[in-house]
Amino acid sequence: MRSLRSLFPRTRVVDAHCDIPCGVYDPEQARIEAESCLRIIEKHDASDDKHFRARCIHVKEERAELVKHHLDVLWHDYFKPEHLERYPDLHETFWKASKQASKVKQSVDAGAARELLTMIDTIDEMWKATGGLEKTRVNGRPS
Amino acid sequence: MRSLRSLFPRTRVVDAHCDIPCGVYDPEQARIEAESCLRIIEKHDASDDKHFRARCIHVKEERAELVKHHLDVLWHDYFKPEHLERYPDLHETFWKASKQASKVKQSVDAGAARELLTMIDTIDEMWKATGGLEKTRVNGRPS
Amino acid sequence: MRSLRSLFPRTRVVDAHCDIPCGVYDPEQARIEAESCLRIIEKHDASDDKHFRARCIHVKEERAELVKHHLDVLWHDYFKPEHLERYPDLHETFWKASKQASKVKQSVDAGAARELLTMIDTIDEMWKATGGLEKTRVNGRPS
Amino acid sequence: MRSLRSLFPRTRVVDAHCDIPCGVYDPEQARIEAESCLRIIEKHDASDDKHFRARCIHVKEERAELVKHHLDVLWHDYFKPEHLERYPDLHETFWKASKQASKVKQSVDAGAARELLTMIDTIDEMWKATGGLEKTRVNGRPS
Amino acid sequence: MRSLRSLFPRTRVVDAHCDIPCGVYDPEQARIEAESCLRIIEKHDASDDKHFRARCIHVKEERAELVKHHLDVLWHDYFKPEHLERYPDLHETFWKASKQASKVKQSVDAGAARELLTMIDTIDEMWKATGGLEKTRVNGRPS
Amino acid sequence: MRSLRSLFPRTRVVDAHCDIPCGVYDPEQARIEAESCLRIIEKHDASDDKHFRARCIHVKEERAELVKHHLDVLWHDYFKPEHLERYPDLHETFWKASKQASKVKQSVDAGAARELLTMIDTIDEMWKATGGLEKTRVNGRPS
């Protein structure tokens, strides 16, 4: 079930520990909340029920806030100066993704939510390219 | 990068929406927090610094609480009566996983944290076998 | 004022301590939040004020979430394997109560909130029958 | 099981609603958290386990904070100017109880926690004497 | 840039430490949240967008709750019995300010929010007159 | 008492509103929490009481987390592309301040907390130079 287990043995993971207690980061957390935002917007748009739509706005507010939080953590805790050398647009990427998450909070625009997911994909690429998958997850991502 | 995208086209995902706004569930959220617990325990055990060890206990407390929360959400929100028919031990599995998360909270036992990760793997299997991957994630899990 | 004090002397309470720090559980916490949900729904229904109704939906969302949280804590922290032997439907009872709390979250249906209160009464009975009152409260419940 | 139900019929409760959505208050919430503080202190004192004692301090901090929160809500939301006429020492009583909760937070003094419980009993008396039991609870307190 | 720095040298601040860890209090925290409430109400009133107005109600609810929290902390943590002698209406002032914050929560009345700001100004005066500025801030307030 | 009131009349403030509900930002929120961190570290270092020191670590953890949160909000919500043109090192400044806040979380180093306060002063300068004081506060900062 966990085919990545053999590729990234335990000892390598231990080496990957940073100076922060947790040491486990994954853009997946931001993505799951952003997917929630997209689904909520789609369901909001498909409904005529005022009560339901009010609930959607409420829940989306919280989910988009969680996206911002998870992005912030990746930006200032996972990424290090050496990553910035490789990705000079690191800051700009996160800044725009955060502002996009604000847009998702402020609107019921499914396109904005999809754009946010694309931005998180870009961050996910950076995370993987800098060894995030091997270094921070215990057994790699499940498939 | 997203090979599952073609297998589960967008329209099927829309059908999968349940009566709850969010509709996105993934045991990955519980697993990431449980991995944090394991890493914190390992770092705690490897350190002699009193201040650092006190911080580990503090942070582990919060992470293990998040594991319990994410498990609770899966149990009472994602799983439905028809899943219970297929998995008669569904309740027992979650109950034991929650109690195991308590154990991880209460101890600095890396073995207990590993056992918790195995239990989350079992829940992940149930989630996948009941269509969780296709129905709740937007584009499937990233690899 | 506290007539139960003499019935459940202090020493018995100390014995009742479990391996978790707190050791104090009472379905009353879930019930108070569920009563809030009922009251909010009644006031929502009796009002024509849009702003007030929007606030009701917001506050009910939080209160129903607290019901679920308090039920979760009772289920995985207070109840032990020996209780399950006595109440084989323990898991089912909690599962249905959690799903009922979701219903209260999703609707403005006073009947659903009353049904939830009845389910909490059932849990309260289990809690009392398993010695919850004597074992977890310091001086018993006040009248 | 609910003998108070007949004494305080539903219609009276509806009348008791104030202009705040929830309208349900009970010093029991503060008391349950204060009982937790007492139990945690007792278990802390009875243990030699450093890890366990660190957890006790962590959890007590949160529980005592919840006591303060629940007292604050009673003070500024439940109690009204007419109650102040009847209880001119209302403010002083709450102020001292809040400062006592701080003391419970700051120390591992079981006597301080017991004193806090006594102060909450006094507030409970005021709540009952001003009709809190009939007006804010749906069916009265369970026994 | 920090002209107050020379007026309140570091050593005096250290003396001002109370028995609570933090020891830093400033009505500015309550004021900033109360200003948010006012701005949100103004923007709510100026908009015809249902979605935006729903968000305003949601966010205002949280901000007004923060005002109440910050006022509570000042009241029971910063102010001491000796301050009560100087300001016999201390309790009444805070009680009314808390009830005013409730009013801001319950309404979309800009006048109510402005009145709340005036009440916080009064509390700010008391805080300054009792040495709050010198004793609790590190370098005094920035201009 | 509020001498800035006449300099920044109400109408200008209204113009300053952005598309986000709140629209009120002030680095003072981050600074107050950072001052708390400094004070807690000083008191931690001056104490021999194990219980008190454990509480300090707990409370500092939360306060430093709040610093990071308030900095994040300023970075992605207050600052706009036009500010970045004026301050090309905007991102770097915030990134380093966030990493410094992590350092304050991880250590009991008063020097690290003072360095963090200096960094917040720099951000405060940027906020003022971009009109933050006039545009986001209702009546300017109190003295």
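The first chain written gets the first letter, and so on, giving A, B, C, D, E and F; residue counts start at 1 in each chain.
The criterion applied here is as follows: contacts are C-beta pairs under 8 Å (C-beta built on N, C-alpha and C of every residue); 3 or more make two chains touch, one makes a residue touch a chain.
Just so it is clear, the model here is predicted, and its values are computed rather than measured.
Undergrad: What chains touch chain C and also chain F?
TA: In this structure, the chains that contact chain F and also chain C are A, B, D, E.
Undergrad: Looking only at C-beta pairs that count as contacts, which pair of chains has more of them, D-E or D-F?
TA: More contacting C-beta pairs are found at D-E.
Undergrad: Select the chain at the greatest separation from chain C, using centres from the mean of Cα atoms.
TA: Comparing chain centres, F lies farthest from chain C.
Undergrad: What rotation angle, rounded to the nearest 5 degrees, superposes the C-alpha atoms of chain C onto those of its identical copy chain D?
TA: 180
Undergrad: Validating interface symmetry: for the copies chain B and chain C, is the fraction of residue numbers used by both over half? Same or different.
TA: Shared-number fraction above one half, so same.
Undergrad: Taking each chain's centre as the mean position of its Cα atoms, how many Å separate chain E from chain F?
TA: 17
Undergrad: Find the geometric centre of each of chain C and chain E from their Cα atoms only, then give the gap between the two centres in Å, rounded to an integer.
TA: 35
Undergrad: Provide the C-alpha centroid distance between chain A and chain F, rounded to the nearest whole angstrom.
TA: That pair's centroid distance is 25 Å.
Undergrad: Mind pulling the chain B residues that touch 2 or more other chains?
TA: In chain B, the residues touching two or more other chains are 52, 54-55, 58-59, 106.
Undergrad: Give the pairs of chains that touch; include all such pairs.
TA: Here the touching pairs of chains are A-B, A-C, A-E, A-F, B-C, B-D, B-F, C-D, C-E, D-E, D-F, E-F.
Undergrad: Which residues, counting only chain C, touch chain A once they are in their complex?
TA: Where chain C meets chain A, its residues are 54, 57-58, 61, 105-108.
Undergrad: Sort out for me which residues of chain E touch chain A in the complex.
TA: Within the complex, chain E touches chain A at residues 51-52, 54-55, 58-59.
Undergrad: Over in the complex, which chain B residues touch chain A? Could you list them?
TA: These residues of chain B touch chain A: 1-2, 14, 17, 21-24, 26, 28-29, 31-32, 35-36, 38-40, 42-43, 52, 55-56, 59-60, 63, 117, 121, 124-125, 137-139, 141-143.
Undergrad: List the residues on chain F that touch chain A in their complex, please.
TA: 19-20, 68-69, 72, 75-77, 91-92, 95, 98-99, 102, 106
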